[in-house]
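In what follows, chain A forms one complex with chain B and a second complex with chain C.
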Partner chain A sequence: MNEEIVISLKGVRKTFRDFWLRPTVNAVDGLDLSVRRGEVFGLLGPNGSGKSTTIKMILGLLDPTAGEVLMFGRSPRSLSARARLGYLPELSYMHPFLTARETLMYYAGLCGLSRNEGAKRTAELLAMVKLEDVANRAVGGFSKGMARRVALASALVGRPELLVLDEPTSGLDPVSTKEVKMLVKALAANGMTILMTSHLLADAEDVCDRVMILNHGKAVAEGRVAELGGSLEDFFLAKVGSADEFVLADFLS
Partner chain B sequence: MNSFWRIFSLELTAAVRSKSLLLLLIASVAWMVAAPFLFVGDGTVEGSRALAVHYSLGGVAALLAVSLLASATGSIAGERSAKRLQLTLVRPVHYIVVALAKMAALVSLGALVLAAATAVEACRSDLSRPCRHVLSPILPTPREEAVMAYEAFMSNPDTPAAAKRAKKQVVLRLLAQRALDRYETIGTNSVAKWNFKVEEASAQADGLAVRLRFTNAYDIRQDVRGELLLRIGGSLWSGSVSNITQAVVEVPLVRIREGTVCCGTAELTFRNIGGSAVMLRPRRDVNLLSPADGFGWNLIRAYVELVAMLSILVAFGVFLGAGLGRPVALFTAIVALIVSEMSPSVIEQYPDELETDRLDAIGLYITRAAAEATHPISSLVPLEKLSEDACIERREVLRTATANMVFAPLILALLAALAMPRKVEV
Partner chain C sequence: MRRWLAIILATALELLCEPLFLLVLLAALVLAAVAPAMHYHQFGEASRMARDAGLSSVLIGGAVVAFVGPVRTFRREFETGTAQVALAHSVSRTAFFLSKTIGCAVAYFAFVAIVSLTSLTIVNGAEIGGRFASVRGDMARLWGPSFALAVAVIVLPLVAGAVLNRFARFRFTLTANVFALLVAFAGAFYRFDAALASRLLPALALATSPALVLLASSAAFAVRFKANAAMSFVALVAACLMPALGCYCLSDALADGGSIPAGYAALAFAVLAPAVAAPLVLGVHFINGRDVQ
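Right, the complex of A and B next:
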């Protein structure tokens, strides 16, 4: 890991407004965050804490109301920043009529890979996520776990330097969850910077170098997992508040 | 370009695999085949042909307009609500490329279905049937004529002060409307003269004719008799009119003197030798008809114009879908389509906002603005000319295609690109 900052948020605020431009929700409120190259950074928090909004601002899909968001020192909307990015959304939003191979070829094309390069990269990724046997089946008929693996492969198709994973193990069985965590560790070992959100604190504990805990749009704690002391679960509950505010069963499941 | 083709082929693949392309093709071809049997003409060959063209090709164009508009509004808005759009927007792709690729794919689908329908029309038509250039007299534009009339009106000391205070733009618009319907009176033994711009090749061919429609001060039928003389360079043609007012009269011209045809301007004179004065509107009631190429070429030009109409609809739909949610975008698009078709007739029926009350004036103002904004869609349908064997001019097709298949989609794609990342569902 080096000190190069890959993602930088300074004083970021996001206020959603209604039709009459009256503020309705302060989703993110004065957030400062920096992710260094080669780091696996976990963004944790209960539902409605502002994780998704933060991720969307980092991806350039939302404009902050105030503050500055930079990715590789540039606006997240710049083509050069987007060329170095891979993104796995919370759910696998696939084109149901495309096969797994066509899906990866499509995203390879969007990442600027030629047809030959795309085909080669697609074959590599299909082998990596163990979907070679079903590569020519439409993803609309895939199980949730298989679709998740296609989505993960499509996030990696452009050989990104930064991978943003929104709930990467969501909906996966324990075996697949373990495989994804091993993959994340392997990618991080190869120098990839990873920003991930998770409800499952065990996941964050296993793979993250550093975490930030968000609640009501604000950072309530940030630090290296090893330095937070005790279990992340205890620390989390202490920071987020009582179990009334956070459905314990949801994130312990 | 790689990204453009990937998005373009994705849209085509979706249309093929969802079978919507197949359904549209089947529905269009079936309608083209069935329509002539469903509608009964007036017994004449021309009437049957007009009905066949209007209802069959027009029906397919209408079907495509509505279905492509629905697909266009959903191409970005639908992707957004399915949360797939964000996966495209985080890739290194210019947003305008996303919009343009989606527009191009949908227009290509429409063009393919329309080509199948046009092929059916071509199979049952005589493609060598001659068409004619329909030329109108060279006159100042209605706007120019309105400005001249307005200046005369304002400088006239007898014009009441209250009338001079009327809004200039409104008066000019009314005068321009009236210039379109301005009548020219031709008294007994008087001569009326109009100039036309003709292409040399058309002027040298046989088959020149003049189309006229006379009326009189009482709007009743009376005899019309007159002599026509057409001069192009050193050549002369003549024809005689013997008919009645209110009827559309087509007079073939016979060459009476051979000469050079050099300047491209034709001078047509009409001498009224009847017993009473007759009237006509030069902008509407006089046309010089000259031979053009066959129906086959006219059908191809009509096809290009229809594709141009679909292009602007698709571009508009994609633009709306980029900035609005799908149901709102679709509703707005359908309302705009209906308004584009209805507003010209509303304006024609209620042209004079000075004579209405304030609420009507506001309504007319909005309708007029809507008609102006949607003019490129409502003015494009070339089926009337096609059914009348009137040549759809090449330069008109070129202008339409450039404006509606290049410039308008580019502008709308740019606007869509600006709107696209500002409308993300969290």
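Right, the complex of A and C next:
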């Protein structure tokens, strides 16, 4: 790992507004974050803590209300910066009428690969995610796990330097989850920078070098996993609190 | 260019695979086939009826495709999240919007090609029927060949789509559309009338031009508003276009036996260019200003 900063957020704030431009939600509030080349960085937090919003600002899909977001030292809207990026969204968003092969060819086209390069890369990735047998079936009929594998392969089509994974193990069975974690470790070992979010703290603990915990749009803790001193779950509950347990207790009483 | 091509092809494929597209196409083909058959008692006017019905089908069915197609594909991109993934690649928002709009136009022109070639097929059939009738005086045979060809254009693609879907897993709607195009092409050109084509093509170009304004407006509003609101705005654009359509007088131009004057066509396209460009500029502004979630 070197000290080159791949992703940098400084004082980033995001306020969503309604049709009349009235502020509705302050999703991210004054966030500072930096991800170095070659590290696996975990963005953790409860639902609604601002993880996905942060990722979408890094991808250039949302514009920050205030602050600065840089990817490879450039604006996230820069095409040259985005050419070095792979993205796996929280849900496997795909065109249901395309087959698995056509889906990967489509993303190969979006990465600017030629038809031959795209076909070669598609075959490699279908083999990697073990979907060669169903390559010519429409992804609309795939199970959640199979769709997740296609989405993961799509994120890797352009041989990205930075991989952004939003809940990468969401919807996968334990075997597939383990395979994804092994894949993330293998990609990181090859020098890829990975930013991931997860609700599953065990997943983050297994693969992340460094984590940041978000709550109500603010960073409440940041540090290396190896230096936490205990389990990530204990650390997380200490920082975020187990509010859900209290709510449940109130409900039951 | 590869990026543009990928989005154009995916969008055209999406719309051509839509059951709604096939439904509108079949309705337009039935209108083009049945309307002239019902009027074949007007001796000597069979071909004109077929041409008029064909142009009406292109106008009405094409307007539906141009109106609904972009709204459906853009809203689906934003609501299902596929736009997020596409825009996370090195594709600018402007390129995404324009290439998707071109993809919609490809699907629209496929529709126009199928319906207009079917009309030519029916014109051919009507003239064959006319010859039978004048020689043998048999009214029942007058519309027979025309109607049979029209039925072939409608039924054969559906059968081919079903068979290939059953035995080779081809996409039903896409296969049916491709076969409709092939059958219509064969029917239209087995006895090619260059003079008729030279009169029909400018008329078709003029008939499609208001639909292109609708298509561009539909794409622009779909980027900014939800489906119902977008359709309301496009309906407003369509209402504004209606008086302009009254000035086209395509049927009269063709009935006189002459072609549409070149100056008239040039003026129409001079009006068309900014009318299409304006919504496209608006769409680019909308997509660059919005959050993609």
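Basically, the second predicted complex is superposed on the first by the 243 of 253 C-alpha atoms of A that agree within 3 Å, B and C clash if a C-alpha of one lies under 4 Å from a C-alpha of the other, contacts with A are read in each partner's own complex, and residues count from 1 in each chain.
One rule holds in what follows: contacts are C-beta pairs under 8 Å (C-beta built on N, C-alpha and C of every residue); 3 or more make two chains touch, one makes a residue touch a chain.
Predicted, not measured: the structure shown is a model, and the values here were computed from it.
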(message) Please determine, from the superposition on chain A, whether chain B and chain C clash or fit.
(response) clash
(request) Kindly classify A:109 by the partners it touches after superposition: chain B alone (first), chain C alone (second), both, or neither? (result) both
(message) One more residue to check, A:60. First (chain B), second (chain C), both or neither?
(response) both
(request) Tell me which partner A:51 touches in the superposition: chain B (first), chain C (second), both or neither. (result) neither
(request) Examine A:101 and indicate which partner it touches, taking first as chain B and second as chain C; both and neither are also allowed. (result) neither
(request) Could you say whether A:136 touches chain B, chain C, both of them, or neither, answering first, second, both or neither? (result) second
(message) I need the one stretch of chain B that runs into chain C once the two models are overlaid. Options are 148-156, 256-264, 328-336 or 346-354.
(response) 328-336
(request) Find the residues of chain A that appear in the contact set with chain B and again in the contact set with chain C. (result) 16, 56, 59-63, 79-80, 82-83, 85, 87, 89, 91, 93-95, 97-98, 106-107, 109-114, 154, 158
(message) Applying the document's contact rule, which stretches of chain A touch chain C when the two form their complex?
(response) 16, 56, 59-63, 79-80, 82-83, 85, 87, 89, 91, 93-95, 97-98, 105-114, 136, 151, 154, 158, 164
(message) Applying the document's contact rule, which stretches of chain C touch chain A when the two form their complex?
(response) 2-3, 5-7, 10, 13-14, 17, 80-82, 84-92, 169, 171, 291-293
(message) Help me check something: in the complex, which residues belonging to chain A touch chain B?
(response) 16, 27, 52-53, 56, 59-63, 77, 79-80, 82-83, 85, 87, 89, 91, 93-95, 97-98, 102, 106-107, 109-114, 154, 158
(message) For a test of understanding, state which residues of chain B touch chain A in their complex under the given definition.
(response) 2-3, 5-7, 10, 13-14, 17-18, 82-84, 86-94, 421-422, 424, 426
